[in-house]
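Next come two complexes, and both contain chain A; in the first it sits with chain B, in the second with chain C.
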Partner chain A sequence: MNIIRAMTLMSVLFLAVLLFTIINQTFGYAIIETKIKPVAIIGENRKLTDLDKLELVEILQENITTGRFSTLERDKSMQERSRDDIYDLVYLEVLQPKIVKTWKLWDSLVDSKEIKQEFAEDYPDAMLIFKSWLSKDFIQNAQSSKPTEAGVRTALLGSIWSILVTILVAFPLGVGAATYLEEYATDNRLNRIIQTNINNLAGVPSIIYGMLGLAIFVRALSSITSGQIFGEFANSSDNGRTLLSAGLTLALLVLPIIIINTQEAIRAVPDSLRQASYGLGATKLQTIWHHVLPNALPGILTGTILAISRAIGETAPLVVVGAATYITFDPKGLFSKFTTLPIQIYQWSSRPQVEFQHLAGAAILVLLTLLLSLNSIAILLRNRFKK
Partner chain B sequence: MISKPDSNHAIRADKLNIYYDKFRAIKDISIEIFKNKVTAIIGPSGCGKSTMLRAFNRMNELLPSTHTEGSVLFMGQDIYAPDVDPVEVRKHIGMVFQKPNPFPKSIYENVAWGARINGFKTGLERLSMDEWVEICLTKAALWDEVKDKLHKSGLSLSGGQQQRLCIARAIAIQPQIILMDEPASALDPIATLKIEELMRDLVEDYTIIVVTHNMQQAARVSDFTAFMNMDEDRAGVLVEYDKTNTIFTNPHDSRTEAYITGRFG
Partner chain C sequence: MYLITERMDLKKRPRPFETLVRSFLFFCAAFSILITFGIIYEIGKEALLFFGNPEVNMMEFLFGTRWQPQAGDFGILPLLNATLTTTLFAMIVALPLGLGVAIYLSEYATKRTRNLLKPVLEILAGIPTVVYGFFALTFMTPLLRSIFGTDVVNIYNTASAGLVMGILILPLVASMCEDALSAVPYNLREASYGLGATKIETALKIVVPAAISGLASAVILALSRAVGETMIVAMAAGAGAKLTFNPFESAETMTGHIVRISGGDLSYDSIDYNSLFAIAITLFFLTLLLNIASQKIVKKFRQRYE
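Take a look at the complex of A and B:
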């Protein structure tokens, strides 16, 4: 008993340390310095924050290139933009903020006095802020090489798209296969071999599935996965390294999980229910569709939760299938190049600049939130059907 | 064996043999069941009563290892003929099981589902499903108890109510024959009594074949009684089949007498 309790405590401890590490990276003090001092633009007497909209537009126009200004104008005309919006533009485009030093959450809390002292002594012109690297901008911005502007939107959308493809493919296929194996297949050698294979496939390393996906979806079926045969010529340079390939590869990966869990759930449906249904003159299909599957649904959804959790965190197969490590545009459909959150996290955390470590921490929190919300949808569904 | 004009027969088995793999569970049974009567099948455990009952609506073949020889005539048709769909047979011959097994759906759905998948043919007058559910539950003597909670789960009822719900469910598909496999053996005496009364009421409209362990029950509810026993190979044989009164007061076979007087079984 005691040893079991100790082991449980230990795992809770490790989880706590993990969570602490992530949160520790995501928040903390940061010193931000602007490349251009406000004084150099508007003189000593005025403060940037006091200016009205027209004055800010003027400053913007004077201090950036005409090309850049018209690009901004094209995004949204200056008239439509609010004053705060233009203030942000001036701050970003003209003053060009740069993070010079960051601290982690723990240091920020414990050594806050020393940090403030260091700030006052060494960076007289800069700004000390308590920065949450996880912010609205972080979720809304696309990937960027500047840590202050880099966001996770591209990767988040990539993850959501690929999970949707995965579930839409793996759920019907998996439930169908499990229903066949449980309700229709006779006990012969071939079916036993299939069953053993499925059980073993659940334990195959995910990178192997990546190789499979590369060979089948990216190479052999590239005309389909790149959208060529659907007339998507614009993206044909992707050579099949698209969201569709990624989703299908992940679907293969989670298929055994869904099949095995669905089989368990179907086996748990009492035989008396089948008999009652047959006794009323129901066909086999009616019995399965109206009684067996609805009663197995909670178990099937449990399998789906496991499958989602597995698929959303997978990195290795997607690297093999060809997820982009650096793209700044959103996926537009099944035939887009893509990146996903785990790949983004991996890429950021392998960078030398310390700012990207903070971004990686924030991206992990986004990934965890996405995972938990998808799972809670499945759990809510399951509880609904359990009644 | 009794012989009556053919029109009185609801169903008739001829030289029925049923095997589980190699084991013969039913040996050469021929029996004629009369219309609008309650026929009880009694006998010691393991003599094949339930297997015999399930042969009447081809439920045995849900186990893949069984096979059946001989014929069962229902409405002039051998239900074991190769072109007969067992699903079609079960639409005409309903079944109530030993353990109450309502669907984990609402009381209303339990009754309506079978009617719906069978195309809901309620005869000449066009009834709505609500009316049909009420009629079936009334026939099963359950309406008054559940009319205020039709949309509660069927599993929320007591055991006896659940079994009557199963009977209502069987009635809803308008069968000619209702097979009952020890319908009261999982119930308390009061619930058992209700089921027995119900069987007497239902026999006006349906033919009922009931397997029972309880000889008093057979004596109380049935018009005819079939006594089955095992032969030396443990295969089930029909020993004696006659009016219930005759079986219990003046059996012809010594084994029947031994069984009903409680000397074995």
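Take a look at the complex of A and C:
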């Protein structure tokens, strides 16, 4: 009995340790050093934080190349920018901060004295901050090779775009197939084969779908998925490794799951409803459209959301289909190269530098938050459904 | 006269729109068969190109001990061996713990603890595999290295990947085993209590044996999941095919190899590219076989009690 209870506790412990490991990576002390000392620019007696906006603009203009300055000006003119905004620019562009050393959350809490001592002794010119790697900037910034500036915006947008494609394709197909199997299909050989086949497809490893996507969408249909036949010549170098291919591949992957979940939802609709509808003279289609599907809708949506959250977390098939690992621009449409949140996590965590491990931790928190909110919607729907 | 002709017209009225919708829905259902054909045809086609290549022969593929595409060696054993090693470690974690959790849930847990425990399992099952890969790299590997020594345990090793994969599979095993245990009729338990057996004796000696085929199908499905699992092994088990029986060394699994090679720049006409499909089709049939076996056993089990 005690052993069994201990085993059960252990699975709870796994979840706790897993979450702790991720949070541990996401927060903690960091020592930041600037490549150029503020003293070298404004002299001994003044502090950068005391300067007003005009002085800061001046410093910016003097210390970066004119090309870079006009790029910044084009993004947003200097008049429109606030003082704090320009201060950040000076900090990033002129002083060029660099992270020299980081600690994880646990060490930061337990050894904080030692850390502060080490900082005081070894890094006199640097700055010790308690850094949250997950921040507003982290979500808004594009991918970058500098860990201080890197963010997940491109990856997040890539995830959203590909999931939209997935939903648009898999939801109608899945609900259609489930409706056929539950409402129309008689118990004959063909329908039994279809049903068995769907059950088997649900167990096929996701990487196989990736290979299928590579063979069909990326290669065989590359003229469609790269947008060539739609006149998208600008992107033709993407040769099929596009958001469209990714979304379609994920659609194939979640289709069996959506079908199975929808079938369960339709099966839960009481037969008396159908009989009553027929009794009033409704045709089969009218019965399905006006009674069966609306009644099964909460269940269908719950099942679909669960399938979609599986698709959001999928990594392997997208690596195979050809997600680009380093992309700094937002996806512009279906025919763009893409990266997604899990791909970004994969890429960051396989880098040797510790800073990227922290970034991976932060990106995982973003991903888990996304999944958690999706799942809460599903649970809310399920609870409403039960009443 | 009019009434009679009306009554005689008993034929079903044609409803073209309904027929159209019905055909569309049938197409949706049949689409899944297209997917299966797509997998077998497209992946099989590339795999045949691989086996048709003069550099490759079937015997070498199945029994060769080296996988080095640059040198023209295509023996799947090193990859298969790494897959089996990680699977073995995953089973060591997932089977006993999963069965333990299932016994607890079905035999001991009060309604309140069930309501607490089920979401934990659901969350564990819903976490993306790339997160588990990260967990293996940043928690399990350092843990193993601090226990067994950094000179014994490689930074990338199959043990760490396998153990974490076990955690990933645990919820699946737990929920399938729980289904199997709760399907055992209650009068079996009561008979056992009546003969003076304790609760744990009843659970282990009556309920578990009675549910054995359901449990077996859970094990097989877990095996299939472990064999096809990709991201954890791609991140934590290491790169480069190597035939080793030491779980603390790095070795590349079948899935890990596919991900690493296809993630790089790959020419579509190379034998490397085709070889990935040969691995994929092997993987597909392996998991298909396991899945079918699992379903067969479940079906038999249902017939026994219903």
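Observations, loosely collected:
Just so it is clear, the second predicted complex is superposed on the first by the 366 of 387 C-alpha atoms of A that agree within 3 Å, B and C clash if a C-alpha of one lies under 4 Å from a C-alpha of the other, contacts with A are read in each partner's own complex, and residues count from 1 in each chain.
Everything that follows uses one rule, which is that contacts are C-beta pairs under 8 Å (C-beta built on N, C-alpha and C of every residue); 3 or more make two chains touch, one makes a residue touch a chain.
The structure displayed is predicted, hence computed values, not measured ones.
In the overlay built on the shared chain, the residue A:Met78 is in contact with neither chain B nor chain C.
Contacts of A:Met10 after superposition: chain C is touched, whereas chain B is not reached. In the superposed pair of complexes, A:Val354 makes contact with neither chain B nor chain C. Touch criterion met: A:Leu371 reaches chain C, while chain B stays clear of it. In the superposition on chain A, the chain among chain B and chain C reaching more residues of chain A is C.
In the overlay built on the shared chain, the residue A:Asn199 is in contact with chain C alone; chain B does not reach it. In the overlay built on the shared chain, the residue A:Ile41 is in contact with neither chain B nor chain C.
Of the two partner chains, neither chain B nor chain C is touched by A:Leu128.
Once the two complexes are laid over each other on the shared chain, residue contacts for A:Thr283 go to chain B and to chain C alike. Put simply, chain A uses residues 283 to touch chain B in one complex and chain C in the other. Those residues of chain A that touch chain B in the shared complex are 186, 270, 272-283, 286, 290-291, 295, 387. Chain contact summary for the complex, chain A toward chain C: residues 1, 3-5, 7-8, 10-12, 14-15, 17-18, 21-22, 25, 172-177, 179-181, 184-185, 191, 193-194, 196-201, 203-208, 210-212, 214-216, 219-220, 252, 255-256, 259, 283-285, 306, 309-310, 312-316, 319-320, 322, 325, 342, 345-346, 349-350, 357, 360-361, 364, 367-368, 371, 375.
Taken in their complex, chain B has these residues touching chain A: 57, 59, 62, 64, 87-88, 90-92, 94-95, 97, 99, 101-104, 113-114, 117-118, 153, 166, 169-170, 173. Note for the complex: chain C touches chain A at residues 15, 17-18, 21-22, 24-33, 35-36, 38-39, 42-43, 45-46, 96-97, 100-101, 103-105, 108, 117, 120-121, 123-124, 126-135, 137-139, 167, 170-171, 174, 199-200, 221, 224-225, 227-231, 234-235, 255, 258-259, 262-263, 268, 276-277, 280, 283-284, 287-288, 291-292, 295.
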